[in-house]
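Notes follow the structure.
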Amino acid sequence: MSEVFQTERIVEFHHTDAARIMHFATYFLFMEEAEHAFLRHLGMSVMGLYEGTKLSWPRVSAKCDYTDSVGFEDVVTINVRVGRLGSKSVTYSHRLFHDSRPIAEGEITVVCCLYDDRGDVPRSIVIPDTIRERLQPYVTKS
Amino acid sequence: MSEVFQTERIVEFHHTDAARIMHFATYFLFMEEAEHAFLRHLGMSVMGLYEGTKLSWPRVSAKCDYTDSVGFEDVVTINVRVGRLGSKSVTYSHRLFHDSRPIAEGEITVVCCLYDDRGDVPRSIVIPDTIRERLQPYVTKS
Amino acid sequence: MSEVFQTERIVEFHHTDAARIMHFATYFLFMEEAEHAFLRHLGMSVMGLYEGTKLSWPRVSAKCDYTDSVGFEDVVTINVRVGRLGSKSVTYSHRLFHDSRPIAEGEITVVCCLYDDRGDVPRSIVIPDTIRERLQPYVTKS
Amino acid sequence: MSEVFQTERIVEFHHTDAARIMHFATYFLFMEEAEHAFLRHLGMSVMGLYEGTKLSWPRVSAKCDYTDSVGFEDVVTINVRVGRLGSKSVTYSHRLFHDSRPIAEGEITVVCCLYDDRGDVPRSIVIPDTIRERLQPYVTKS
């Protein structure tokens, strides 16, 4: 069994729209917030340093399947696993719940990059072992 | 050849993030804005009426593949086609460009729904012919 | 001495902008989130019921003075007091801190309103006593 | 009479909230978008260069008085003037309309700053004459 990281968010008023439910794009904000909380939990940051150089994780794809809606002040639980741990990329798998009821499943794929001195130009690298080891327990098993 | 609907957006300052590029979730806002502009172009609204009853289109899935980044004040062109015109659902296909350079491709699938009197509870229906006919020219051919 | 309600938020990546600090409009989101958390703390909701009718609080003014910036993953403490408890309106006073350092002060004035059956049309009313009593301890003394 | 810069925005679905109106914080996004469009109209950018050094305009205060609401797909006209042209600061005055009906008035005060090489640390300066001259016609007369 793989481990799972879990965090919670409340649906704020500005997350809702005129359909009186959480706007579909907010799910991507929640997934990213959960990914960043996961990295902090592992003692890292999505805006980190590797041997003195800025290391970050630009997104190359994101998707979400919506199975139910949530409204203002609903509490959303977000489960994060690593769906795929590639050589240079990580695919995070997210499952979102409200009151134990699944509301959405999503994936975000990010690429490990070092940045130039100004922090503006990314260059992809093989994920350093110190990072790989921390992500490994969360890789989903088929 | 299918028709294509095209609209433009400028990358506003609040669309950017600390990586100095447009935030990945903003692409979904642009895709939705383009879809709604497309419906207006067809003489409709995503929050419309059908025989006196509120008709709208809740999202069931959304995805985006990012191929390049854009920064503050870049102009983004968004092309909208109908990737699939189902019985009750529509899959919009979006291609985003900056200076003729592709920056992202995405899809959003929505379901045709009527709402109760308060406008809060959706119930899926077969897409009315008057709507289907307007979307038909934009269906992509294989 | 008046009481104070305190809550915390972390600066998420999507809260930042290309200046690598939290975007100025996000402070208003934090102030509103703190107000709504304050109401929940008092056993209420900003989207509440009064004698079976929907009661809510449309905003009539908002302002913020910025004294320092915060960046990604900084923790922001938000203090909420009631700057003025009017007959029909409430002015919330917010002070935002990072590491005990003041970063902003703001005010949001809201009006107590009942809504029609569809929940769309507000009509201002005198703040009910049951609500007034709960806000009273947080009114700032000159 | 002072000149006025005018631009328009449509209320997008993601600008609305569960009260079925444009969220109060979105007015600040519209005001900032109008300010940046105004600067482009004057041949400048809020993220500009001055003698080879990055020049930008951090916000020190923002406020808005709301007089009426707008809903999905309403068109908002934003009028921008310069309420005060200080030595180092500019106060923009915004008036927002829908169908010639005033919906809000706001002000945003920004400070002229040069940035360090990495573009991260601002230092306030006297507004260069070439910029002052372009803003001058838009200063409101008492």
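Some observations on this one:
Order of writing sets the labels: A, B, C and D. Residues in every chain begin at 1.
In this section, a contact is a pair of C-beta atoms (placed from the backbone, for glycine too) under 8 Å apart; a residue touches a chain by one contact, two chains touch by 3 or more.
Keep in mind it's a predicted model, so treat the numbers as computed, not measured.
Contacts with chain B and chain C are shared by A, D.
For the pair chain A and chain B, the fraction of shared interface numbers is greater than half, so the two copies use mostly the same residues to meet. Centroid distances from chain B, each centroid being the mean of CA atoms, peak for C.
Separating the centre of chain B from that of chain D, both taken as means of CA atoms, is a distance of 29 Å.
Centre-to-centre spacing of chain A and chain B amounts to 24 Å, using the average Cα coordinate of each chain. For the pair chain A and chain D, the distance between mean C-alpha positions equals 34 Å.
Annotation for chain A: residues 13-14, 18, 20, 25, 29, 32, 47, 72, 119 touch two or more other chains. The residues of chain B lying in touch with chain C in their complex are 13-14, 16-18, 20-21, 23, 25, 71-72, 117-119. Every residue of chain C that touches chain A in the complex is listed here, in rising order: 12-14, 29, 32-33, 36, 40, 45-47, 72-73. Those residues of chain B that touch chain A in the shared complex are 18-20, 24-25, 28-29, 32, 47, 56, 58-66, 69, 108, 119-120.
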